[in-house]
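Two complexes are shown next, each including subunit A; its partner changes from subunit B in the first to subunit C in the second.
Here is the complex of A and B:
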């Protein structure tokens, strides 16, 4: 039997729970109001360029990037700016949002999308600078969860030679199926996006990493990529956190990103499939990043599904659409159960990086007593970054981080594998994040 | 007889050689240290809190004696201590008033309700990773006690969701200030009684919605103040301690009780 590739160190096998895997992408309607977060990316906050009572068109710039590592934000629908204020976002942070009253609430978003004409793109006429510039203007960010501005990733310094491109279709988190459905339903469009990226890095092989728990996605992407030269679909053995950049590079190319390094240090650029699709839409529809596919799932959702929504749609709209009883929701997660963030407001809007919304009742929300460390070493053996988690956490708890810990704790990718396996119910990943925060504070 | 004396002589010989070795080493490797460093260190409180900016009391004593200056007063010690040290070195001590840490927030559970059921690690910095604020007010004291843990003098405690500072015990070392993720703690001279106990820079209606005793930036205090000591910036009143005379006009004018007159409060020490 063929041995499938995966990353060698650590990793866990949580229950897959991909209950929405066969639910094809549906389209939402334009909600009564949209709250567009200004800061949906890593980097400097964008500057709002609209005022109260401004009339905005679909695709119009709402907030201008305030530097290179920053990102533009656009209006997803025609409407009127009601106000700009601070509001709690899905990540738990409180940030500026632009409230937009759409002109046509209740209109199917599918109709809005169908109005966009499909342009024919002559790849030979596009220059690398033009591609980078248009991606930057369109406000494309990594849609896998981190939200790093894509144009920054695609502009490596000249001394870093890129010799491989990896398209991340691993989607290792339980429950989330947004990327899965994109790959099943729009494989040809993803390939079009990859071909645009290939213009930036000619002659560079492209690997599409997909876990073997998505055979239909593998099949569809395989068929679509078969006709293309230099695009290879790499089936991967399902293991969490394969979707992490560093783990994916190790799995696909067997290269190890150095500590504190970036993928470009080993000549690789990783892009999520949803990001590639967004890049494709910039060129084929002249449309900036305005919408995304969100998986709605969890124990409280009767019919879990994947829905395409304009960015800024409040969670409450999704709850009405999926008939979720507000009273019973005890836990709302933005993202997957491993790395997702708990949220406390049903009015918070989805952003460019919200891949899933999971609703759970009290059964999923069991609070266990945090016990002393048993020194079993489970956390160390599952850590995909090879960190001595238990030792670092003890140091953080006693507020006595030594140089060794300070050197390595920043390598933590916060995947949550350690917390998942800890028999003493220790909130290891939270402590690790606290440790990272303390080091940042001291510097 | 010889059997008894011989070991004695041998031992004595060793002792002589070792002693002379030690004597020579102490001459050769002698490091002069100002004896006044020990005297100054003995006068300092010995809390090793680091509030002065030096690694501990010994390091401050070395700085005072070696640089012959009392420019960095010990924030913990009584003013009389610095005077004594200055006398010892023949210097003039500048008398500084005692400072105390002050929380610029009154967001107790009654005033600003909890926005969520936070069950993570009981530490303010751990909480701000998960959510900017666990209360309705985005600027409120989280009440998880990172400052309480940092305090070396047992002067802080959590009461009803916010930090309460015992001004008797507080030495004004300022350690807690850097341990507050919301930047709510400041040092103020003990005689400064009037303080704005709010840090919310949101607009009035939003601030009011978040907390019952929030400063709404109504400017009434600024108008009523005869000494131009209070001014509103970013919808939040701020007091210039140098100009303030603690007359109490602003306290009476404030519609939301966001300005407070300290001093009448009775601190119960356990």
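Here is the complex of A and C:
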């Protein structure tokens, strides 16, 4: 048996619950209305460039990036702008949304996609400049969850020499299978995307990291990559948070991103598989980022699945589609149980970073009774960053951070492993986030 | 809309591994059962009386504090029970009831609650109480009933004999008797084997790690072996030191107390070494025959320092 690669320190093994792993990607219909969030990325909020009653075409710009670290937002379908207003987004924040009334509600989104012609792409004619520019215009952001603008990640300063690309197909969060299905169903397209990225960093090897709990994805990607030079599939041990950027780099290349540093500091750029597929579609379909695959699962979903939906589709549409009983839902999670956010409205729309929607009744939720810290050290031993979580959290709670804590808290990747194993049920990662905020405010 | 239909909002992660304070504490209680069984066998109902009384006193005291000072205290979380049992294991089976009550008051109130309760205390509460009693009531704390003899015969512990009568007097003690518990002593310092069985369960449950017991016991062994090698006429053998007194109870149950021991592996090794070093020092050169409690309490004070200067290795930091 081949030694599986993994990150060395910490990590946990939560129940994987990949119930929808064998469910092929399905297609929804165009819902009666779409609510397109203006801010679906890390960085400055985009400026809305449409107004009420404007008629928009599929792919038309709705909001323009304001600056380099920002991202464009486009209309996923033909329709009319009804209004621009502030609304509850998935994850609890309130943000600006653009309400669009589609021209053809009820039309299969698959048909919409089939109308997009497949273009032939001559990689030799594409320049690095052009690739970056088109990715930027297409509003591509990291679809693994963070939503960092992809063109920024792909534009390292010249002094940072990039000598490896890693494609993140780890998908270590429980329940989520969106990337898994993409890798099984569209391996050739992912490779096309990788080859576009390779144009930016010629001669640089590409590693596709996939956890070994997805043997079919490993197999399909392996077959697709075998025909290509310099693209390697790396099987990884199924362990959370294997898909964390720094953990993935350590596992695949045994390089440690320095504290407070970025992957480019060790010559690496990491892209999620869904992002790579979106990049591919920019060039092969001339299509900006308009849709994504969402895993719909949880104890209240009778037939968990993976569905391709236009950005802006409200949760309520998905609940109807999957026959989810509204009265019974007590817990709605955007993302997985480890890093996902609880949501408070069924009308919130999905965004570029919504990898999963999970629906649970109250049985799935353990009321967290926070008890005093026992100093058992579980949080420290599972922390993949080696942080002294319990000690920092006590300081944060007293608002007395010493220099040592300030030095390290910012390295927290908020994976939630500490909270998961805490016998005293303390919301450790919550306090770590607060600590990060305190430090940011001070600087 | 009624409140019960509202969606739950909470901070991630939503899943839990299913550990709890109660589980840990009651596992510790469970792991102490073999050792308790041996002391019940050796000392009879007198030992049962000591364990029941200290446990009840400790829980009742915590319940009183919960009632009058801080209603958030969960006095049935098992921590008071663990303190009560550990305190009992540090006492002779003929201890009068008032001694048990004073010990419990010192353990729960001075050892634990004045610091802010569970998780906040710097020193191991049961040890604070033991040392308090040892200094305040030396007579009651040093007349040890002889195991297996229920007629009230008392005698000194092997370490006491060693301290007062010298190496020659302990020559007739068999190592097997020491390991199994056929020697005078407190409830918990008699059977190293039963303590090991209980601790194995805690290792299995990952509630304690190997670092502290191994470095603690190892240090005592090496340190006493050096002196035995230099002069066997004056110093007892390391094997004798290993199996006599409260070394196993201290190394497996008292020094590994989560609250009062360091977090990282390196710090635990140093902590265990310190415990072992001072134990051996007191045993060989101190005026008290036994040094385990003093050594652990002394090292407890260093825990914040050890946590700070020997932390876990950080990801992305060149060390």
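Criterion: the second predicted complex is superposed on the first by the 443 of 443 C-alpha atoms of A that agree within 3 Å, B and C clash if a C-alpha of one lies under 4 Å from a C-alpha of the other, contacts with A are read in each partner's own complex, and residues count from 1 in each chain.
In this text, contacts are C-beta pairs under 8 Å (C-beta built on N, C-alpha and C of every residue); 3 or more make two chains touch, one makes a residue touch a chain.
Fair warning: this is a prediction, and the values are worked out from it, not measured in the lab.
Of the two partner chains placed by superposition, only subunit B is touched by A:94; subunit C is not. Measured by the number of subunit A residues touched, the leading partner among subunit B and subunit C is C.
Within the superposed three-chain model, A:160 lies out of touch with both subunit B and subunit C [touch as defined at top]. Looking at the shared chain after the overlay, A:341 reaches both subunit B and subunit C. Of the two partner chains, neither subunit B nor subunit C is touched by A:132.
Applying the stated contact rule after C-alpha superposition, one finds that A:427 touches each of subunit B and subunit C. In the superposition on chain A, no contact is made by A:44 with either subunit B or subunit C.
Applying the stated contact rule after C-alpha superposition, one finds that A:437 touches subunit B and leaves subunit C untouched. When the two complexes are overlaid on their common chain A, residue A:285 makes contact with neither subunit B nor subunit C. Overlaid on A, the two complexes show subunit B and subunit C touching the same residues of subunit A, namely 92, 341-342, 344, 427, 430, 433.
Put simply, subunit A touches subunit C in their complex at residues 9, 12, 14-15, 92, 174, 246, 250, 256-261, 327, 329-333, 335, 337-344, 362, 364-366, 368, 371-378, 380-381, 383-388, 390-391, 404, 408, 411, 414, 416, 419-425, 427, 429-430, 433. Remark: subunit B residues 115-116, 119-121, 123, 125-126, 128-133, 138, 149, 178, 202, 206 touch subunit A in the complex. Interface residues of subunit C facing subunit A in the complex, by the touch rule stated above, are 5-17, 19-21, 23-24, 74, 77, 117-120, 207, 258-259, 261, 263-264, 307-308, 311-318. Residues of subunit A touching subunit B in their complex: 85-86, 88, 92-94, 341-342, 344-345, 367, 399, 427, 430-431, 433-434, 437-438, 441.
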